[in-house]
Amino acid sequence: MKKRSLFFTVIMYSIIFLLLFPLVILFVWSFTKNWPWPNIVPKAFGLRAIKYVFSPTSKSLKTLLFSVWLSSVVTIITLFISIPAAKALGLYKFKGKRLFKLLILAPIIVPPVAVSMGIHVTFIRLGLANTFLGVVLMHIIPCIPYGVRILTNVFEIIGESMEMQARVLGANPYKTFFYITLPMISPGLVSAGSLIFIVSFSQYFTTFLIGGGKIVTFFMLMFPYIQSGDRMMASVYSLIFILTSLVLFVVIEKTVKAYYKAENYFYI
Amino acid sequence: MKRNLKPYVLLLPVMLVILGIFVSGLVMALIQSLGYFPVVGLKDITLKYYKEVLTDKSFLSSLSFSLYISFTSSIIAIIVGILLAYSILRSNKKERMEQIVYKLPIIVPHAVAALLMYNVLSQSGILPRILYNMGIISSQSEFPSLIFDNRGIGIILAYVWKEIPFIAMVVYTILSNINDKLSEVALNLGANKRQVFFHILLPLIMPSVFSAFIIIFAFSFGAFEVPYLLGPTAPKALPVKAYIEYNNPDLTHRPYSMVINMSLTFISIILVWLYHKSFKLISKYDG
Amino acid sequence: ACGNQQTKQQASVLEKDWETILKEAKGTKVNFYGWGGSQMTNSWIDNYLAKRLKEEYDITLNRVGMDIDSILNIMLNEKQMEVKEGTIDVVWINGENFFTAKENDLLFGPFTDKLPNFNKYIDKDSVEVKYDFGFQVEGYEAPYGKAQFVMIHDKARVDKVPVNHEELLQFVKNNPGEFTYPAPPDFTGSAFVRNIIYDIVGYEQFLDMEPKKEVVEEAIKPAIDYFKQLKPYLWKEGKTYPATIAQLDNMFADKEVVMTMSYNPNHVVSKKQTGEFPETASSFVFDKGTIGNTHFLAIPHNAPNKAGALAVINFILSVEAQASKYDPNNWGDLPVLDNDKLNEEEKEVFSKIKIGEGAIRQDVLLEHRLPEMPANLIPIIEEIWMENIPAKGE
Amino acid sequence: MSRLELKNITKKFDNKIILDNINLVVEEGEMVSLLGPSGCGKTTTLKIITGLIYPDNGDVLLNNKSVLAVPVEKRETVIVFQDYLLFPHMTVEENIGFGLKMAKVDKKVRDKKVKEMINLVRLNGHEKKYPRELSGGQKQRVALARAIAVEPKVLLLDEPFSNLDGRLRENMREFVCELQKQLKITTILVTHDREEALMTSDKVAVMLEGKIRQFGSPEEIYKKPATKDVADFFGEKNYIKGTIENNIFKSRIGNFKTTFNKFSKGKAMIRPEEIEIFSKDVDTGLLGKIKKKKFAGDRMYYNILINDVEIKCITKFNKNYNVGDMVSVKIDFNDAVFFKEE
Amino acid sequence: MSRLELKNITKKFDNKIILDNINLVVEEGEMVSLLGPSGCGKTTTLKIITGLIYPDNGDVLLNNKSVLAVPVEKRETVIVFQDYLLFPHMTVEENIGFGLKMAKVDKKVRDKKVKEMINLVRLNGHEKKYPRELSGGQKQRVALARAIAVEPKVLLLDEPFSNLDGRLRENMREFVCELQKQLKITTILVTHDREEALMTSDKVAVMLEGKIRQFGSPEEIYKKPATKDVADFFGEKNYIKGTIENNIFKSRIGNFKTTFNKFSKGKAMIRPEEIEIFSKDVDTGLLGKIKKKKFAGDRMYYNILINDVEIKCITKFNKNYNVGDMVSVKIDFNDAVFFKEE
């Protein structure tokens, strides 16, 4: 039956190694005071950055928690509005479908600096600037393409027949959604959700503008260090950033899997 | 009647956000690109900025540099990403660490990815150090310059590194959920593993790959961080040009930035559209 | 109508006496916006400034690390929408950005005369207080600290430092591939280019030069030729340049190049403290001098807590704060107080501070200090550099 | 518990007419079989009744009220799909209980009902399995149980027994019929098994190429097919050309008495099972030669040559002759159906 | 063109034995029917033959060589799945041509072959459709054509006709049989249609609960079922308890002559179609009363009470009696099968 192929195992590990290697360096840099050429291991280690990040005056951890909360809200809302859109694009034929698909890509196609000013002005007008809600709304925009696109593909594959069956058995559209659609798309939801979270979690420019400094996210603390080339600080912040997301995703994936017993739901 | 409206109703929330918020921003960018920016005293609508920017020699070289970076990185990412996803599937055992760790680069923001590439690939990076210590190169300068070079290798690698897991994740999600039975049928009909991959699995994941390609292409075409941090002094990628103009403290330069941004947008749309067309020719199985 | 109201409000703060302002400021929160890319700077503000302000005035200082570009955009957009209660109370600013902000009526003021410490300690007539990159300050910003361009080298790898452009050229020819500078418009790279220009053609002519490309081009032609001469011996044969000073610093730290540079004379000390630079790193300046500038603090026109902002800026101008800031263990930023206006006790405070190994003494720096170029010339120079240096000669 | 009526239903796919002006009335509690060749539009008809597909034209009435505007889940017309469509993320139990859960039936009542259904479809021991772990027939039974559990007003069965073995099939069929009669569930059964259709249903509708060609009682349909197409659909027939004169049917295989007299030239349709054969010493006036023979359990299929005309004949399995044998043949033309020659 | 042998095949799922020591030999070019109730392990057996499932024990031999190590795609044993499993991204044409394409058959040859197959399964006009646009029966035909197109050595058919109407079914069946004989393709047919199994196959294997209970020619299986379970599987039977003494079977419904003499106490199994009824003026020595009656097209199902014993009886449809009628009954005990009473 399914034999593990040596060839593909080797390929897999090679690629994974290449992907992880830079992260190992990042980890080393988090504790590296200096590392002159041509040393393979750093000359001196230090805890300056770690100490700073964990010192209460830097507010890093508080900000981290807040960022996680903010991005979770963004993720949930984005998924919530992406699911119906993805369903429409994945299952139905209708006029203007192409145009809608393109429109949904727009936030990726148009560079954020181009639209941010107009949006900021609009948000000031609506009283959304410098508010949590404003930042959430702003974050949703670049997340939409990821959410909708991925879920559209999922809907294309699972089709509508299961939903129909549920409707026939007396489930109204809401129940159909919760009992049938949601569990069936749950693997896709996890993928899409992770991406959305990351996109939101690493928004910089727009958070500044719309949050006006009132809403401070973890990435905003971290980015200046990347720019200023303080590799130790940048590495520690990145490390925390990555670990937080990772832990979150693993937990969510496991929970969803346990809850929905997610397996091969996709019927063709 | 009512049924025909259904897809539109479903699209409504997303469209509200996109049209309501996003497009309002876009309109302002468009207006500014036409030279109308009253707060700083620009009040005439003019095509002057377009003319200036588009006829500038460096615009073309920046454009081709950007295109080259996005295409190359996206295509490499697609190929390796699919290969990775398939490899994981083929060496499959459930719940293994590998399935989680390969996704790590997805979590890494682009700016950090640039930093990582710098750490590894610059002439003082870890890679030349290893080569030096193995005696393969005898000085830093023997290591090819991959960062800040005008072939954009550093940028491309940063994108490739970031996007491979993204592609792999998208593909793996779909791949692992494609009814195993279809592969069984194909095998049973005499297709070998390779044929199963190319004739059954690949066509079935094609729509997703297609989406993913568009996403990463459009993104790398329009984002400034990575080329800004790893790119050569000249030619500059278009988004970097736009970004620098945007940050010009002289606010009357804003229209230049917006012209570049609008051009980026326009070119992206054309490319996406062309891609759509050509994709339809290759695969009839489009949702 | 709106404008009127605003001036009234502005006037109202400035009309009050200092006691009332302090009373009003008590217990409030002040949003302090500025660049957040230096851990030492951040730590100084968070650990020293914020703490002392709380103790002294019961003011909560909220530091927001943000690029000046973003800050300007926020202010500009708020202006556009006529937002009366903005988000920012104090902005760390200087140069072209100040000019832009002032030109576009984004700033509150003039306010400096209201500050007791400004009146007491600052030499109001000094060029560096009256002008910021050649622009008139007119009381719309108060000095925060001083910076001066310095070159940094590694003593272990450089025997004799070049003290003018010719020696630099010779040095680079002798050590090909070991030197480079960040490409303008990087702030420091741009300053390096100007410094070389000053070294070659002198600085006086620029102070009132017409901001026209042809004029500038003509004036700096010898310098441009010099850069062309320099180019083939630079790192990667001058085909490309680090995009930011940060990259150059890292290349220096990794021993990829033997020199770096900074607009902060104490930079080398803090980098040595963090362990990034080798112990043998040290600063030097050209004989003819290097460019110095001052960085400032301003208050946006729609700052929600102007009284608090005034109190904070006033405190920063105190001997205690400036001295703490000057300590390389904290930040190492040059003080802006006029030495002549300090009493002995106060002078003592400054002289007790040990400046770090490798930094240049303050008096030496001041001897070699040249004024910044007017800001409107800078983009022109950057453009000329861009057109002539990296692209050509491929 | 409803009267179902289809009125002038028309449906096109890709501009090809799939359903062409369908009219059908199923009275309350009646069981109607819908028969027709593959691809004739049966599934489409059922989908229109439940509301999963919108007709291009025409109306669906339940108790004389149009239900086109009623959403699927409120119609109480439940369909058992040809391809099961079990929810892959639910166990057998959960699948069967789904409809009841949706109707907010009390958990205890639901559990009891589910248990009952599992017993009835004989899936004890499989309660906790997921669909991917079931055999084809097991899946089909789950689908059936799931639909019946909700006791719908109208039950639409799309070949619900096709993957069951004969015995199980009979059992299931009986069980469905009983339940249907007892609860008076209006039912439409799509089946390919002609015998099933004839035996179980009150009425039979024969659908050919998107049209309902005949609708009547099983006996009517079988004995008096409205057209040759309908007759053909019920298995292979013998068609014997000939002329009718004075109640005598004259053909190449001989002349036969008949009561039929409507036209003079045509074809007599004789069902293979209406032809009897005897050993050649029995005199029937007609001799034939066995050309082909096939064993089919309880019956035998023979092809017999009479005057070069090949006649098919089905007999009891115990009438055993060999290929080449001469036999006496008896054909009863009173049961024959005549079609006019075109 | 191969001899297929299963040797002691055993397979468990979740520690439940599904296949229990299966042995089966299919000679070259033979057609064997595999019969058995739903869930007994038929599909699993086929999957083991093709290599999609590994047996826990035992061996699969093709031409006396074990093929367990041969990968699926090299075995040339093609299965037609119960649930079609068409490739959703390919048209009908492409689906059918898939196997040939994989075998790198020349495009022209392939196209011709595909065209031929489409004609044979009667899907002209549907060539360009995607599976989601097909009806159930159409899908099934595509699946069949797709498998046959590659002309495998061993063809495994898992209820390939279950969704086809009777006529099409007969056609398809004939077509497969002819092809199979012509190309000498060793074939296993899983079917729920007993008649189909008996009519088409050289041998029949009856599988019950994961074991092969009887393997023999259709007539053998039908006439001499090895066990009561096998007999039962072939439809409802009459079992009459009684004793046998001196070639006389004594029972509550009377005494009958028989040739059987192996044991003295047991059950006589009489098939309903072996019982004949006549109007009561015909003297058969046995009178009964019609209790139930069911029309089934070419036959009638009667339940008759004889001395309170209910006897099932299937007659030709033209023997029409009404419930309550008294009829003469004729039972031939020579054809009866006797089972010893336990």
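Order of writing sets the chain letters: A, B, C, D and E. Residues in each chain are counted from 1.
The criterion applied here is as follows: a residue touches a chain if its C-beta (ideal position, glycine included) is under 8 Å from a C-beta of that chain, and two chains touch if they have at least 3 such contacts.
Computed from a prediction, not measured in an experiment: that's the story for all the values here.
Visitor: Counting hops between chains that touch, how far apart are chain A and chain D?
Guide: Shortest path length, in steps: 1.
Visitor: Going only through chains that touch each other, what is the minimum step count from chain B to chain D?
Guide: Steps on the shortest route: 2.
Visitor: Hey, which chain is the most central one here, using CA centres?
Guide: Closest chain centre to the overall C-alpha centroid: A.
Visitor: Tell me which has more C-beta contacts between its two chains, B-C or A-C.
Guide: Here the pair linked by more C-beta pairs in contact is A-C.
Visitor: Determine the centre-to-centre distance between chain C and chain D, using the mean Cα coordinates as centres, and give it in whole Å.
Guide: Computed value for the inter-centroid distance: 91 Å.
Visitor: Rounded to a whole Å, what is the gap between the Cα centroids of chain A and chain C?
Guide: 37
Visitor: Taking each chain's centre as its mean C-alpha position, how far apart are chain A and chain B in Å?
Guide: 16
Visitor: Can you tell me which residues of chain D touch two or more of the remaining chains?
Guide: Residues of chain D touching two or more partner chains: there are none.
Visitor: Could you tell me which residues belong to chain C and also touch two or more other chains?
Guide: 67, 80, 244, 247, 250, 254-256
Visitor: Mind pulling the residue numbers of chain A that touch at least two other chains?
Guide: Residues 37, 116-117, 121, 227, 231, 264-265, 267-268.
Visitor: Which residues of chain B touch chain A in the complex?
Guide: The touching residues are 4, 6-15, 17-19, 21-29, 32, 80, 83-84, 86-88, 90-93, 98, 100-112, 114-117, 119-120, 124, 126, 128-130, 132-133, 140, 161, 164-166, 169-170, 173-174, 176-180, 182, 204, 207-208, 211-212, 214-215, 218-219, 221-224, 229, 239, 242-243, 246, 257-258, 261-262, 264-265, 268-269, 272-273, 276, 287.
Visitor: Which residues of chain B touch chain E in their complex?
Guide: It comes out as residues 179, 181-182, 184-193, 195, 199-200, 203-204, 283-285.
Visitor: Taking the complex as given, what residues does chain C use to touch chain B?
Guide: Interface residues on chain C, with respect to chain B: 67, 69, 72, 76, 79-80, 95-97, 99-100, 104, 177, 183, 185, 236, 239-244, 247, 250-251, 254-256, 375-376, 379, 386, 390-391.
Visitor: Applying the document's contact rule, which stretches of chain B touch chain C when the two form their complex?
Guide: Interface residues on chain B, with respect to chain C: 39-40, 58, 118, 122-124, 140-141, 145, 148-150, 228-229, 231-234, 244, 246-251.
Visitor: In the complex, go through chain E and note every residue touching chain B.
Guide: Touching chain B from chain E are residues 50, 52, 71-74, 76-79, 81, 85, 87-90, 98-99, 101-103, 146-147, 150.
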